[in-house]
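What follows is a set of structures to go through.
Here chain A shows up in two complexes: once beside chain B, once beside chain C.
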Partner chain A sequence: MDAWLQHTLDGLLQAGPYALVGLGLTLGFGTLRRINLAYGASAMLAAYVGAWLHARYHVHPLAVLAVVLAVAVLAGAYVEWLCFPGARGIDRTRSAGTTLGTGTDAREVVALASSFAVWMQLEQLAVALLPHHLNAFPSWASEREWTVLGLGLRPDRLGQLLLALALVLALSRWLQHSRGGLMWRASASQVTAAHLVGVAVPRVQRIAFLATSALAGLAACVVLVVDGQVTPMFGMWMLVKGLVAAMLGGLGSVRGVLGGALVLGLAEAYAQALGGALARDATAWALLMVVLLWRARPGAERRTAHA
Partner chain B sequence: MLEIKELATAYGKIEALKGVSLQAKAGEVTCLLGPNGAGKTTLMMTIAGILKPQRGSVTFEGEELVGLSPAEIVGRGLALVPENRLVFPALTVRENLMAGAFSRRDRGAVKADADRMLDRFPRLRERIGQFAGTLSGGEQQMLAVARALMSRPRLLLMDEPSVGLAPKVVAEIFGIVRQLHSEGVSIFLVEQNAHMALKVAQHFFLMEQGKVSFSGTPGQLAEDDVVQRAYLGERRAA
Partner chain C sequence: MRDIFCTTTTLSGLALDFVIFSLLALSAWLVLRSGRISLGQQAFFGLGAYTAALATAVGGWSLLPALGLGMGVGALAGGLLAALTARLSGLQFAVGTLAFAELVRLGLSAWSWQRPNAQGQLRGPDGVNGFREIRWMQENQVSPEDYLIIAATLLALVLLFWAVVSRTRLGLATRAIGFDEGLAAASAIPVHRLRVTVSAAAGALAALSGGLFAHNLTFLDPAAFDPMLGIHAVGYALIGGMASVAGPLLGAAFDIGLLQATAGLASWRMVVFGGLVALFLRWRPRGLLDEALIDRLAGLWHAWRCPSPRPVFRFLTSLLKG
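So, the complex of A and B:
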């Protein structure tokens, strides 16, 4: 019984990192209605630059974190410029259907495909910088474990979860109660109407994209200072875990991503207890598949829009 | 007040507006009639800055609007109530109203204006916390009008406000148009419902295949044979 309580606690704590990596993806999708496949790779490149500075020049850990954030934003700006130019508001030279931001058009497919290409490009760039599989990252991992009601609790993991909670609540409050948040939600809700009420939609979307890139950088820092290392799999890990958490939470919902992260964390913890690491990873992929099939069912889009 | 000269807008190689020229005077309700596909919505979207014209000019109170962004055009005093309302479905009624005032800097007066809108449209007050996507078509139309008025426009553009609505609601919407006009709001109205438009507008334009084919007063419009056949569904005895 105690073992299952411990698995449950581990799953709940794992929701922290998952919510952090899912937050940027869900905000990005909520604003542009497009998935940025280069999301994880941007954060990975930033983390590699930080690890390189740490290993080669022994840069102070706080400075490393600042660099990771800055590089993540720069990489995000590059991805936005290259892959999502059509998403910047309205293309005023195109036909009404596409101009007014309704329906699927070729630009969405191009954006998805080009962000995949940039994902590969950024990963290669990172690996060229640090070719080893394991690379040290400034570590603030806890060396001790608390015992609470007979259960082991690592303070660093608790810190990750509390930070995720605080970020979700702060972002949610800002979106609900500020003028900027209302502009952001209006642009996401009906892009043509947002233009018509005077929102500078291209600027809002660009800021939103850079903010999601900064969130990706922050998530990478928070995860890696506990892991103490970064590998070439980190970009893929961020994308998959973030995507599953975001989709389980109803892609686009800030509070939902926390729920999605909890479901993913608990499912993985139980799967690992039953079938080991392989079962844990298979669970994440299975959940992603189930959510994709659920969202693709007939009438799902209409129901989601009214949810 | 609003002057459009030789305006041409195309979707790729298809020219939807082929040199449109018309004017809307201050204090009047000007109505643009025309069949589906005539280019009426394209004209409204071009005036609002959503579509970029190939040539021609749109001047408002002497200032050229072509080349300005939609946000800049709203800031100049024009507001469009678009076809099919285009309310923000995922925002509440109150949030839709507040969004209508994004272009304003006098934020202190915005809340008072929102309350005035709720007095003008009591049904919106009943639905204040409801998501706009859950409102009926008529309520969404009222919300779209109220949202546009929140920017305190000097010219209100309305694109087929009666489309898809029940006759009773259409009468209500045209009542709102009359009331706004009586309060001094200038209105440029696109409509297919000529019977209702005749009751509110002081000047008419008819648009067919991307060109203006008629310009005149309600009396002249009622005398026009083409309009009689196509829009009023009757032919006066000779």
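So, the complex of A and C:
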């Protein structure tokens, strides 16, 4: 029984990192209507640059984190320029020239395939920079573990969860109750109408893109300072966990990502206990598949929340 | 494991790689033609490879029936996945195929099922260690050159089959749903049923490619069926061109040529390839051999065949018009 309580606690704590990595994806989809598959790879490249500076020049950990954030934003800008050229501006939002077909979401699908290719590119670039499997990252992992009601609790993991909670609640409050949030939501739901009532949509979209890239960098930092190392699997990890948490919570919903992260964390903790590491990895993909099929079931109401 | 594109340097080995990856690219191209992007063709490649290898290494089958069985499994899996995901939007479908492929890869990594073959040796998949000793070529004294002829014949048959099918109502209807799904549905084309058929055919092609790959390499590592293989399949089709069946072949030849040209810079190859796919998608979304170029080439061919001044003149003016 105690073992299962421990698995439950571990699953709950794991929701912190998952919510953090899901937040950038869900904001990106909520405002810019896109799924950026290079999301994890951009953050991974940034983390690799940080690890390289840390290992080679012994740069101060805080400076490493600042560099990771900056490189994540730069990598994000590159992905934006290459994969999502039609996302900016009013006149280009309707159609961006030739696509695979002329289906309603053909442009998004082409952008998705393009970001898939860039994912592989950025991942290889990072591996070419640091070819080792394990690369040291500045570590702030706690040495000790608290015991609460007979269960082990690591303070650094608790810190991750609390940070995720605070960030989600603050963002969601800002989106709901501020003028900036209103502009943000208006640009997300109806580009033309937002433009007509005087919202500077391209500017809002630029800020949204900067925010999602910076969030990806921040999430990578928060996860990696606890792990103390970065591997070539990090990009894939970040994308998959983030995508599943965001999709479970309703892609585009900021508060939903927290619920999605909790479900994913708990499901993975139990799967690991029952079937080992492979079952844990398969859980995320299986949940993603189930969510997709559930959302597309006959008669399902298509709706996207924004906060 | 990411070096399944660099298994050989001999000319016949390169030609065989070209045939195998052309078949995989054709399977991704077929799905693209029906207006969807599948990021998971590597799943059917893996399923076909495992099935055909099981049939020869454990069942003692001959190569062709084993490849046929692999194609059957690939077609079944492709058809089932398409039927399940028929209602998904293009974006969701792409993510769904990726999820399916990763589930297949993890499933194959967890699968251990070793049985004694006719000689009493244990053969079969062994979890993450993969599937070793697929020795049909060695046991039947088939030389790499003979194997290349078998594979090239199969590719030629597939191309011939497509040449016939593309002229039928089925081929035209596939093209129609790729261009405009709504218009095709309004013209009484059964869009969902056709997509299931196309996905099954694409699954069979990827499985055939996987079966040929397994018997050439003699061992399978489930980690090889990762998203990197999937982006290569889609990338070949997108770089080569969507308009003609020659597109994916051109894409595969281009990448294998690039691989040879940059052998010393192996770790940077994917950086170039990934960037190229993205650049193509941005500036030439229908690839090198797109519809306009195919029309011009057809015009050139026509002008050469009928050397009266008018077609030549028409072709030249069409070039000038851009």
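Quick notes
In the analysis below, the second predicted complex is superposed on the first by the 282 of 307 C-alpha atoms of A that agree within 3 Å, B and C clash if a C-alpha of one lies under 4 Å from a C-alpha of the other, contacts with A are read in each partner's own complex, and residues count from 1 in each chain.
Convention: contacts are C-beta pairs under 8 Å (C-beta built on N, C-alpha and C of every residue); 3 or more make two chains touch, one makes a residue touch a chain.
Keep in mind the model is a prediction, meaning the values are calculated, not measured.
Partner contacting the larger number of chain A residues, of chain B and chain C: C.
Contacts of A:Leu158 after superposition: neither chain B nor chain C is touched.
In the superposed pair of complexes, A:Ala273 makes contact with neither chain B nor chain C. In the superposed pair of complexes, A:Leu125 makes contact with chain C only, with no contact to chain B. By the touch criterion defined above, A:Ala77 lies against neither chain B nor chain C after alignment on the C-alpha atoms of chain A. In the superposed pair of complexes, A:Met289 makes contact with chain C only, with no contact to chain B. In the superposition on chain A, contact of A:Met183 is made with chain B only, not with chain C.
Look at A:Thr192: by the touch rule set out above, it reaches chain B but stays clear of chain C.
Residues 99-100 of chain A lie in contact with chain B in one complex and with chain C in the other. The part of chain B that touches chain A in the complex is made up of residues 11-12, 41-42, 45, 48-52, 69-71, 74-75, 79-80, 82, 86-91, 95, 98-100, 102-103, 133-134, 147-148, 151. By the touch rule above, chain A contacts chain C in their complex via residues 35, 82-83, 85, 97-106, 108-110, 112-125, 127-128, 131, 236, 240, 243, 278-279, 281-282, 285-286, 288-289, 292-293, 295-298. Contact residues of chain C toward chain A in the complex are 32, 35-37, 39, 84-85, 87-92, 94-96, 99-100, 102-103, 106-107, 109-110, 177-182, 227-228, 231, 234-235, 238, 242, 267-271, 273-275, 277-279, 281-282, 285-286. Across the complex, chain B is touched by residues 90, 92-96, 99-100, 179, 182-183, 185-186, 188-190, 192-200, 305-306 of chain A.
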